[in-house]
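For clarity, chains are labelled A, B, C, D and E in written order, and residue numbers in each chain start from 1.
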């Protein structure tokens, strides 16, 4: 009885080990099963999912106009204060003073890509972009100003 | 942005006369070897560590660059990828790990937490606001957590830095 | 189970090893102080706080829309389920009716998260016990799940797909076909996990009769989730206190009476298949309609105390909110499953070998940031 | 047991209790000195048998600290919240329930760490999360810290 | 044609010897020069071999794990190991303060020396052998067990608790598995009646031992492969290093070049045990012959003997590598159980059977 059990254990063990080796052997001989995507070489074809949140962007149209009114709801909704909006008073053509953004500071180094600012924005002035290659040698390059120099608010956006 | 465009070091770029033919060649070879054989320390504290594991996995496979030799002991590692929040209690440990690594050693700050405290910047009493307060950082890769591709990108960026190591050091000395 | 004094007395001159804070088996930055006698463990003492990020304190200054996002960083493998708990407690307090469509999508994403989490556990359990290859096979499927998250939620790990009252945006039109595709891939490849790891005699011997956690101990230490279910304790919150429409679904609570590491392993493996079953019931029957119930712009909870529990991949997560009627919680406490599960480790690891401690850690599947919060 | 039955049996154990029924669970508020005897009965009495302490925490109400124990019975599946009021906020202390529910050990370490509540007869009371020399108890409402940057 | 068939390095070696003799003349100087030349050639060869095995291991692992493996450094990633080695060479050499400095620095030397010494009696091809010692089997098994001293030394002198545990494990492990290796080697020695590796190879001219249909020999082969995997501390028997448990075991404190020496020793050891297995059980450089089929045997003879040798060795290396990338690690008591409860009794019975066979003359 003991002998039977002893050899039974041995054969069962060897069988289980061979099952595993069969699987690794299978993949070793079937190189078409390799799933690797070669990242830096496939940059041309690499496409992020359209909803992927890589960074906050502020689209500007060809006239260098954005849609940010400076209402600061994004700044309020940001849970960790990655957004700082500095506003200024701009004198309109009709002489009225209006609040406009001066600099839209975006701390990419702190941003957690939660997307709450985009949800909160009433004028869809900001969007989540797909860019993910943000590596930098220096921290200071991660602090960004999103409104382009000389840009202004698009007409009709309040 | 191409990889080459990323290669902007602080300070101005000047052509410097070579120190000597043999030495520069040897330097080149050493830097080539170092840049292509970056062994990371198996160190992860939180979410970013999971994305680091994803970078190891078959789809992204950083072994293509020769990074797959993850060492559990700092003595044999060249690179420490700080993946995840560092808190005040962990800071001395991180410093010690960094000190235990033999030269030359590199640091990648992965994710918002390590760069600046990220989600834990305000109203927190225990989080270190950026690991550059503790150890020098070579490459910052923002994101929360960064995609595996972003980590790969940062490691390629680091490779570029190592390849131009001698030049980079000169720039630092000048400061 | 009452611990006696003698459990805390150690003799002088013993061999004390610090496992962690940086140790490959601790899955992060847990520090276990281990008293050894040769290879045998005499005592384990967990030291925490190497990733204590003061999430509870921070929650006291965040609004009810915002505070949930911190929980994605707690148990990052169940990020979606954690967010769900935070949303549910607000919905319960405000008595908001969540649209059926949002509920269904929440469950599908939640169960996908659970599968993904268990896959990562499988991978790292194999890795901890020295088998490198299962890691890659499991991550192939996890990667597929992650790409669904990427396409529909916008992030791979910390989805942030939840607002109180529903979900942020509707799923993409190809959601159903993609989920089915991934499930098919998962089911087709599931046998490989069994071949490479489950059936392996070395692996079985390393887990069997290791780290016995009896049912009484499991209750006494407050263990939940697969860890407790492997000790024969029925504790699935989805069955006991159904939330978000789980009561309408057919699935089994996987319970094993093995009490050892092997039972914990088997329970998790079986749970993956149950999650598949849940998703399959829902995926073709996602109701049409709204995805979010109307809530006020600034959410204010009524004065009082609210407790909501959900079943994450690791057990019972409780969110305890004390509200003073303001726009942010007065006190926010997370009852994290890993914290309780960890407290059992010193008890069950005693008397085993160092290698067994690794096996115990691997099968209890701790996420350290969830312990430290 | 239903809430009413729980209420009755609790009153038998400790008559001077006040109940709060606004929340999801029945909440009993007792003074901190009476904690241990009451908890012992709750744990051992066969028809109550609260063997599962699933959450233990503390709330700082500025003028007093409130210990909160969430109890559940795995056998009967009834839940009870016991609150113990600690009036001394300078030097708060309370009996440890570690000997009744072992899971309390780490929970009480945590509360000691973050609220400064001292647990008597705790086997290994230590700062769990913060360094030993940390000043103050962060989850107290009057905690100030130079590291903290207010948003 | 005959020249090709009996192609041997001995004539080349003799020619070389004569040439040196004509320059230096007889005497001690000649011996030393020859030794130095052989040593340098051997070292270069083994370093290249270690490079190749390192590359092979990474590729084999990658393909089994459905990924590509190194492919960016050099063509198809072939220069990956070169880069690693150069990097380790120029990394900061490091001796911890608390370490016993002498032993700490000596240990890698001992480990690599024992690994190199064991190469000496192996016949790489027909007539190509560094040292034709008549007790080759004994020599190899005794030399290879010396590695335990180096590992113990490394573990103890590091003054690191993980290293110490690793070293202690190593002691238990190597001492136990030494036994079954010895016994499985003995079974072939009994059949051939010689301890010389050359004789053992010659005895397989009309069929390799593994294919002669003797069941005890097959068992001995399996035992040898398992035990030698344990002997060289490779996964699943890598408890000495056990990354997940001991963060590197005995080599936790080693960095730079000293660590590279450990790595190199690991691959040379891997080569040695595979070469020994190939020599003893698979006929070494002997081509594959089937008794009676002369035409087939002739065709086989056309393939150079060194190709046969390296082919067989690489096959066994591949098997051992597949072990590593398939199985989880054993626990220390399972490891000892496997040896004392299974491998040792089996190989003891096996030796008895083989002896019986040899006495009765069944093996011829």
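Definition applied: a residue touches a chain if its C-beta (ideal position, glycine included) is under 8 Å from a C-beta of that chain, and two chains touch if they have at least 3 such contacts.
Keep in mind it's a predicted model, so treat the numbers as computed, not measured.
Shared contact partners of chain A and chain D comprise B, C. When the C-beta contacts at B-E and at A-C are tallied, the pair with the greater total is B-E. Note: centroid distance chain A to chain E, computed from Cα atoms, is 50 Å.
One inter-chain figure worth recording: chain D and chain E are separated by 64 Å, centre to centre, where each centre is the mean of the chain's CA atoms.
A straight line joining the Cα centres of chain B and chain C is 31 Å long.
Mean C-alpha positions place chain C and chain D at a centre distance of 25 Å.
Touching of two or more other chains is recorded for residues 64-68, 243-244, 247, 325-327 of chain E. Under the contact definition stated at the top, the residues of chain A that touch 2 or more other chains are 17, 20, 23-24, 34-36, 38, 79-81, 112-114. Counting partner chains per residue, chain D shows two or more touched chains at residues 129-131, 138, 150-151. Pairwise, the chains that touch each other are A-B, A-C, A-E, B-C, B-D, B-E, C-D, C-E.
Residues 34-40, 46, 54, 79-81, 107-114, 132-139, 142 of chain A are the ones that touch chain B when the two sit in their complex.
On the side of chain B, the complex with chain E involves touching residues 29-30, 32-34, 36-37, 42, 57-58, 61, 63-66, 68-69, 71-73, 75-76, 78, 102-104. Residues 62, 65-66, 69-70, 133, 140, 143, 147, 150-155, 158, 160, 163, 168-169, 172, 192, 195-197, 199-202 of chain C touch chain A in their complex. Chain contact summary for the complex, chain E toward chain B: residues 58, 62, 65-73, 77, 79-80, 82-88, 90-94, 243-244, 247-248, 251-256, 259. Contact residues of chain A toward chain C in the complex are 12-13, 16-17, 19-20, 22-24, 35, 48-53, 77, 79, 112-116, 119, 128.
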